[in-house]
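Below is one structure. I have some questions about it.
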Amino acid sequence: MNVQTTARLLITCPDRPGIVSAVSSFFYNHGANITALDQYATQPEHGTYFMRLEFQTPHMDLSRHVLSTTFQEAVADRYGMTWQLSFAADRKRIAIMVSRHDHAMLELLWRWSRQALPCDIHAVISNHPDLADEVERFGVPFHHVPFTADSREQSEATVQSLLQGADMVVLARYMQILSPAFVAAWPHRIINIHHSFLPAFVGANPYQQAYDKGVKLIGATAHYVTADLDQGPIIEQGVSRVSHRDDVESLRALGQDLERQVLARAVRWHLEDRIILHGNKTIVFG
Amino acid sequence: MNVQTTARLLITCPDRPGIVSAVSSFFYNHGANITALDQYATQPEHGTYFMRLEFQTPHMDLSRHVLSTTFQEAVADRYGMTWQLSFAADRKRIAIMVSRHDHAMLELLWRWSRQALPCDIHAVISNHPDLADEVERFGVPFHHVPFTADSREQSEATVQSLLQGADMVVLARYMQILSPAFVAAWPHRIINIHHSFLPAFVGANPYQQAYDKGVKLIGATAHYVTADLDQGPIIEQGVSRVSHRDDVESLRALGQDLERQVLARAVRWHLEDRIILHGNKTIVFG
Amino acid sequence: MNVQTTARLLITCPDRPGIVSAVSSFFYNHGANITALDQYATQPEHGTYFMRLEFQTPHMDLSRHVLSTTFQEAVADRYGMTWQLSFAADRKRIAIMVSRHDHAMLELLWRWSRQALPCDIHAVISNHPDLADEVERFGVPFHHVPFTADSREQSEATVQSLLQGADMVVLARYMQILSPAFVAAWPHRIINIHHSFLPAFVGANPYQQAYDKGVKLIGATAHYVTADLDQGPIIEQGVSRVSHRDDVESLRALGQDLERQVLARAVRWHLEDRIILHGNKTIVFG
Amino acid sequence: MNVQTTARLLITCPDRPGIVSAVSSFFYNHGANITALDQYATQPEHGTYFMRLEFQTPHMDLSRHVLSTTFQEAVADRYGMTWQLSFAADRKRIAIMVSRHDHAMLELLWRWSRQALPCDIHAVISNHPDLADEVERFGVPFHHVPFTADSREQSEATVQSLLQGADMVVLARYMQILSPAFVAAWPHRIINIHHSFLPAFVGANPYQQAYDKGVKLIGATAHYVTADLDQGPIIEQGVSRVSHRDDVESLRALGQDLERQVLARAVRWHLEDRIILHGNKTIVFG
């Protein structure tokens, strides 16, 4: 994929005949080469329609801004589309929030440092000072913002100011609950990794819960954060086989491997504009 | 494995030094050849200890009955053991209860018919008449026992009389809830397949629940039945990857493949005396 | 999916701008509603382009035959397309060839009997008489065609005449090697299940080979049959974890479960027109 | 597990009755508490027998040296045992050899740095200078030993001198072939990660081979190194699902995740004395 020439369009609209034809003809007529096209409708007729288009821009006859207004008038208005246009060259800026467990954060930083995550890292923000050295070693700014029950409002305000310039937030095992106001400021732009196979084991200490229940598989879930704790739209899940021989400690160790992989996949899909929200569910185009 | 000569011993007791030595020496001294030995303790010291022993009987100097009483006096009493001795030659008799979905039941009958499940099939009992032909084709008796809210007591009495001679019951998608009295009559001898990844999606219509939640993996869980619905000790679980493209119908189709495999493994492990109960959890020796 | 109204188009052609637009506009303008569209190009520019289109026919203004000729003239000729049009209402007729192992064949018959495979079963042909009863129980014709090294030519001629009217052949553990001439008569219309993770363990007795090698995973592979034994285009593969405790017998038992699942998926994808050949590889649209 | 008190015994011998009894009684009589016991025999009678014993030493009445000689005389001689005794407190020293790809090496260093691999890191040796900074950041010595076809003898001599004091060698994507003499100096103490599902795709560039073949799953294999390239005893394998959309680059990216996990598991099992060689195969006790 050529980063300099690749653009992506995500569309949601009421389903009716002619959408693919209208969209693909629009882009063809303006000189774009469509290199990927995925679509999904919730039902054969009269459902909701979703499309992801990836196209190459070098031979287009429209500038970025004119492309948007022209598409709106020529196609989107006609079909009642909600849409979002992105250019791969505009790398998204990620801010990572973390508490004391470093595994999920390190996996992201490590993949980013070897060009396996197409993004910039804005900063790492933690309610503990422990991981400062590990973060700064990657040349990434680290901010320690203490968080107590009393200080939440003030702490969140500090975090918000540090997030200026970021495009999205990844909670890589951030163990504080963010306020509804904070979450509302980043609609569908906060991804969390929860260390269980949701909806099983919401809330605190899911590995202890899994141990007590005696499950034979443990899981991890990456999801968008909404005001309802652990209830936001699921992006990706993974599981690992365990047995009666596993104690809470070994479940945690196995689970951390899962968390790293599941979170890294979810963040990459978000960065590649593969995810469309549909109510409390996600459409993920592969 | 030679069915005629293989015996198995399952032991639970307080952990303390010397148990392996005492048990293995007892069997060696009486002419048994130990062909498998698994053990597990809940903690390094002072926990609960579990052992599964598989041994060959041809050169033993004790008859079955004398073996039991001698082991009790020579070893079990000393260590406070709960134990259970089984002989592979005594094939367990399974009764299958089913409603309308045939997939889980057929998988068991098919494996049984090709000698892949070491058991006899006592009968199939259903609250619907639909599957009679399919069952009788295998040479297995089929009993239709209608079940309504009003008739439960009477129906369960009928079922209980039909179960005379069975060693265990498998609920292969039996959609009625059994009374606590019924369950209590078959302690840890009823295995159910639930069509979700428990503890997620207990109760009715888990595929609809999974669809509504937008999970990215669906599961199936085989467990022993206790008085608490869908809460008994988990024996085995499996999952299958799904996507936004799956509707409830396709989740059900994928899930039925999972149910077949998960239930067949759980029943086989029970038949091979691989499972020991520990509170509401299972020890499964591989 | 409505079987009566669903049609599918598979396209292969040199990649160049405008294909999606041309195809989707053609169908839109003739009253078809596109309900699925997948595309793939081997490289961003100047590669080979593949498309699968699923559309609904009720409001089309062209009959079947006219649709084909019109599409050829209006679109296919212009882009140099190879294409294939299918109607879901034309159920494909499958002939199954099998030797003595019944598991793969039974899985297909069982899924077919519960409407989980959208096809008709033309017949089962075997070089052994053993499975006649099992097959006829499903109401499917069974033909015993003995096969010896000396009789191959004659036997294959008999099989060919029995296959008159079938659309494809599934080798569900058929242990004879078909002649190049036979294979050539069914180009990309014979699917075989090989009991290993190809290209590992080609040829005879792959479970013995896997045991001797000491692998930690065993596999199964469904592929189209070509003149080169076990070398045809791979459609689907699966694996199962094993350990040093598994002997050849238990590898076989685990492997048969894999074979059933992998073959059933591959056959279903073929029936749903999801597979396009590309040299010795397959494009499988999900 | 208490590292200070845990010891492990690995035994191989001809199978005959009485081994478990003799071994467990020996340890019990000398004050050891057996905390894990696994056994395996290649056949029910007259095969080869393997045992792994984990025991706690605090109350033993024998010192380390006397334990060895006493066990030899009292038990091992009688049963013709080959055996190996290890103490968890004696952390093994690993030397890592690597070329340019850092992913497998980093995974080991990262797990080691967070106490998830029970070992010391002796050094990292590379035929390229590229990874010096990354290694030294962990406080681990890095040695650059250039390797050319002409210099192999000299280079291997240099490496051998740098390995003085190491207990084992891990080839974490070391792209040079070691000489038979080198390999013979480290019998079953060199672990390699091969980036394919062996025995498929031996030799160079397995991701290209997998792409050309069109497989639907890619794999990684950790194995002991022997004089035959890519043919040593397999310790662990893993696979990941791929599709026609994956090019060689994306196969490599997916494969590197697999390599990291598979190698880390294999090395941990070796460090925990879970592996016994049996001809060209491994027994891995879980």
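For reference, chains read A, B, C and D in written order, and residue numbers begin at 1 within each chain.
In this text, contacts are C-beta pairs under 8 Å (C-beta built on N, C-alpha and C of every residue); 3 or more make two chains touch, one makes a residue touch a chain.
In this text the structure is predicted, and so the values were computed from the model without any measurement.
Student: Same or different for subunit C and subunit D, when you check if over half of the residue numbers at their contact belong to both copies?
Tutor: Same; most numbers are used by both subunit C and subunit D.
Student: Which rotation angle, from 0 to 180°, best lines up the CA atoms of subunit B with subunit C, given as a multiple of 5?
Tutor: Angle of the fitting rotation, subunit B to subunit C: 180 degrees.
Student: Which chain is most remote from subunit B in terms of Cα centres?
Tutor: A
Student: List the centre-to-centre spacing of subunit A and subunit D in whole Å, with centres computed as mean CA coordinates.
Tutor: That gives a centre separation of 37 Å.
Student: Which whole number of Å gives the spacing of the CA centres of subunit A and subunit B?
Tutor: 42
Student: What residues in subunit D touch two or more of the other chains?
Tutor: As it turns out, subunit D has residues touching two or more other chains at 245, 286.
Student: Considering only the defined contacts, which subunit B positions touch subunit A in the complex?
Tutor: Those in contact with subunit A are residues 40, 197-201, 213-217, 219, 233-239, 243-245, 278, 280-284, 286.
Student: Considering only the defined contacts, which subunit D positions touch subunit B in the complex?
Tutor: Result: residues 1-2, 17-18, 20-21, 24-25, 27-29, 32-39, 41, 44-45, 56, 286 of subunit D touch subunit B.
Student: Sort out for me which residues of subunit B touch subunit C in the complex.
Tutor: Touch residues, subunit B against subunit C: 102-103, 106, 110, 114, 116, 137, 245, 253, 257, 261, 286.
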